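You will see subunit A twice below: alongside subunit B first, and alongside subunit C after that.
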Partner chain A sequence: MNPAKIEVLLQTLISGLLLGGLYALIGLGMTIIMGVMKIINLAHGELMMVGMYIAYVLFAWLHLDPYLSILVAAPLLFLLGAIIQKYLVNPVLKVDAILPENQVILTVGIGMVLANLATMIFKSDYRTAPVDYATKAWYLSDIWKGSPIELSLSYPWSVSFLFAVVITAGLWFFLSRTDMGKSIRATAQDKDAALLMGVNVERMRMFTFGLGSALVGAAGCLFLPIYYLYPDVGGQFTLTGFVITILGGLGSTFGAIIGGLVLGVFESLTATYVGMGWAPVGRFVVFVLVLVFVPGGVASLLRRRRFGK
Partner chain B sequence: MADATPGTPMLDVSGIDVFYGDVQVLWDLSFTVGRAEIVALIGANGAGKSTTLKTISGILRPRRGRITYDGRALGDVEPHRLVELGLVHVPEARRLFVEMSVEENLELGALRGEARRRRAETKEQVFSLFPRLRERRRQAAGTLSGGEQQMVAIARGLMGLPKLMMFDEPSLGLAPILVQEIFNVVKRIRDEGTTVLLVEQNVRQTLAIADRAYVMETGRVEMQGSGRDLLGDPHVKAAYLGL
Partner chain C sequence: MRAPVANPGRGRPLAVLAALAALPLIALVPGVNANYWMHNFILVVMWSIIGMSWNLLSGYCGQVSFGHAAFFGIGAYTAGLLYAKLGLSAWWGMLASVPVVGAAALLVGFICLRLRGPFFALSTIAIGVILRIVAENLVGFTGGDQGIMIRERTWVEKTWYFYIILAVAAATFWFVDRLVASRLGYYFVAIREDQDAAESLGIDTTRYKTIALVLSAVICGLAGAFYTSYMGYIDPKVVFALHDVSVMAIMVVMVGGVATRWGPAIGAVIMILLAEIIRTIPKVGTAHHTLFGVLLIVVIIFLPNGVVGDAGALRRLLRIRRPS
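Moving on to the complex of A and B:
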């Protein structure tokens, strides 16, 4: 392989990992909601869109940096998610319906309402937050003068990725080290047994929906400096989250991280070697391959190693 | 709130009717469990024994009747508060959090109140009762053998510092030598002052350790008596002991 080709490959892998870290954050929110509620939240991308608009408004009015706006958007999205769970999803969960999936259909409706509200308020214009570091990048040749190949690392992409890593580490700490985090995992594994342990299952569900929404709201803030924003931007991220959740194994947090990274790299490779427009196709190729060959996702592979079955 | 005086029973189930949807499964069921007693509910599959325990724990709600625990009407208590009051249910089929470690399972047994404050201390006591669990504390609960899993389930219950401990089929699916061990543990728990309500299909060993027992058939109490009397009863012998 000649240096130019290696350069393209490495650059593609770097972009893919950076994208994958952000995808993992989207998938994590969806998968913890899936774990505890047993439903796929198909309004997930639209909640991210709300997070992006919050960051956008704060940037346009107050020139608040999108990374700082996480501190506003995440709590607001937590509230929005908790309210959606308590007043919309929960009442529907309790109804014996012909369609057992009616809560999932409800989330589709919630997504539509959010997207249309955004259209009413912000019009369907494409917007960006022109942060002054938008095109800043680090170059390999700056550090290593004699490098035979040239690689670049975009400043906003790297910072967004680092934030995603920090948030993911925080989530991991919360879920594995605190009583509340353990209660959430217990509720996801067996809600009746969790109730017998004294876990307030109803409250855990509300909290988890809020937490998942806050995570994807934070992801929205991280995407704002590197992506464009319009009211229907959420749909593609709902699909992304859905594919990651399947890829990782429903409800598995570790699986979602791996799933996000794999999907990011795969999409990046597709964009480079097949064509920009094919990236979404790549996403569904992964989706179908996983469903056919590893229906339980990454989590089922881990379980097989751990339990020998 | 009524005072819990030593004279009142630990648990008083009075005339409850319970339904699954439209199907009635418990009919006017009444029984009591006195302090520091071992009381057993025995009967065939489908007699309503597990349903009774689930109703006491608030997973199911009675349509009629009243349950009083330690002087308190349970209709007013949210189910997740029961552990804090010392009412602990060790469920059928163990229901461990199989992907979590043994230690995490134990910690989840002591989430609130006094049990939370004394968690480290209780964990040590539980480990000395079941030394095998100390060795396996970091292992995922789902990788343990059936007997070890039952020990985790009991240990997790003990972590809540129970005043009344309800066991649902603790010996189910275990090898005979382990069955005896489980019954010894149940007896020992009572001897240390905890009241026990035991649901079992292993009638002979259950009646041997029970102070009193109720025989349930199709959602009703058919007979009651001391463990020893029921062991000698011709109907019990014929129906449950295969004699």
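Moving on to the complex of A and C:
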């Protein structure tokens, strides 16, 4: 391989990892909702779209940096998620219907309403938040003068990635070290046992839906500096989140992180070596391969390592 | 457990068919835009076919699909490509779509039917999206975003289109009716109610789920092939649309009544009329997804079994309201 090819490959891997870190955040939100509620939230990408528009409005009006608007968007999305859970999802859980998938269809309805409201308020124009550091990047040759290859690290992508890592670490700390986090995990493992141990399952469900929405709202803010925004942007991220959930193993938080990174790298490779338009197909090829060969996802592989032999 | 067939024997299919067959007489009514109404009638009948197809797989067999646009689109593209590549009439697509869509459904089933419940539902979304992206990117084969245009229309008038789609609908109705009442239909319902129990009773669930999927897909593909001939233009965004085909199929059945005989037809009437009414109200037109979404949410919470399935509850509701 000549240096030029290695350069392209390394650059692709780097951007894939950066993208994967952000994907992991989307997948995490979906996977904790999945774990606790046992339903897939198909309005997940639309919630992210709401987060992006909140960050966009704050940027356009107050010139607030998208990274700072996480502090506004995440709590708002938490509220929105908790309200959706309490007043829409919860009543449906109690309704007697032929198809138990009613809840999933319900979230599709919610997603449709959110996307359409966004179209009415913001029109279907493509928008970006032109932050002044949008095109800044670090170059390898700045640090190592004699480097045979040239690599660059985009400034907004790296910052978004770091934020994603910090939020993920915070989530891990919350889930594993705090009482509330433990209650959430208990609810996910066995709702009845958790109820008997004095966990307020109803409240945990509401809180989890809120938390999942807040996470994806934060992911929306992180995506704003590096992505464009339009009302239907959510759909593709719902699917991405779902593929990550399958890839990582249903309801597994660690799996979601690995799944996000794998997917990011794979998509980036497809975009470079097959073509930009095919990147979303790459995503689904991974999805199909995982379903056929590793139905339990990354989580099942980890479990086999731990308990096997 | 519910009865496998809601209201067996009720409703008179032949009387309904005769009434529907008389609809083109609307041209004789003075002062009515017959062409406009025929267009809506055709859409209603087409959507009731798609609804019956979804109802077979999801309502009776319990495998909720979010990807019927995939089968609709494959059917539509089969017809379109026959015309664009081989110079045949797009009507041959209705014949050719059967093996093509059937084979595609087998493949989809092999991958997606490994999953259960919501996960199956989501994997079918992925199938729909994959096909849309593939159709958009294979510019040399499908024409990409440009779509396929059928340059010569078979008829200017809509009457014959109406009778063709009505014939397909009547055949589908008869077929689904017979199927649901047969041994196969009982297997489907058993799988929906409890897959593990069905498996333990010796029902090869994977096999029967695949059968339901293939049959449902082929019916939906027929509607797609008809759509190409009728509309004369297809592109990936229209025929592989998530909201406007896959979710619309779900809404038609959810509103009408899941796993009911007349649910898809009644749902199609309600949804198409509603779409037309919303479209004609100025300024509200852009909000039609919001209104549909709200309708879906309301139906799921208050009428989980649809207008037909919850007819009793609906009647009670109206009766209570009347005296006040």
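We take it that the second predicted complex is superposed on the first by the 308 of 309 C-alpha atoms of A that agree within 3 Å, B and C clash if a C-alpha of one lies under 4 Å from a C-alpha of the other, contacts with A are read in each partner's own complex, and residues count from 1 in each chain.
The criterion applied here is as follows: a contact is a pair of C-beta atoms (placed from the backbone, for glycine too) under 8 Å apart; a residue touches a chain by one contact, two chains touch by 3 or more.
What you are looking at is a predicted structure, and each value in this text was computed from that prediction instead of being measured.
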Touching partner for A:198 - first (subunit B), second (subunit C), both, neither: first
First, second, both or neither for A:95, with subunit B first and subunit C second: second
Touching partner for A:169 - first (subunit B), second (subunit C), both, neither: neither
Contacts of A:40 with subunit B and subunit C, given as first, second, both or neither: second
Touch count on subunit A, higher of subunit B and subunit C: C
Partner chain in contact with A:134 - subunit B first, subunit C second, else both or neither: neither
First (subunit B), second (subunit C), both or neither touched by A:4: neither
Subunit A-touching residues of subunit B, taken from the complex the two chains share: 57-59, 78-84, 88-89, 91, 95-100, 104, 107-109, 111-112, 116, 140, 142-143, 156, 160
Residues on subunit A engaged by subunit C in the complex (per definition of touch): 39-40, 42, 88, 91-92, 95-106, 108-113, 115-117, 119-120, 235, 239, 242-243, 246, 250, 275, 277-278, 280-281, 284, 287-288, 291-292, 295
Subunit B contact footprint on subunit A (complex, rising order): 179, 182-183, 185-186, 189-190, 192-201, 303, 306-308
In the complex with subunit A, residue positions of subunit C that touch it: 2, 58-59, 62, 64, 66, 111-112, 114-115, 117-119, 121-123, 125-126, 129-130, 133-134, 136-137, 192, 242-243, 247, 250, 254, 258-259, 286-290, 292-294, 296-297, 300-301, 304-305, 309
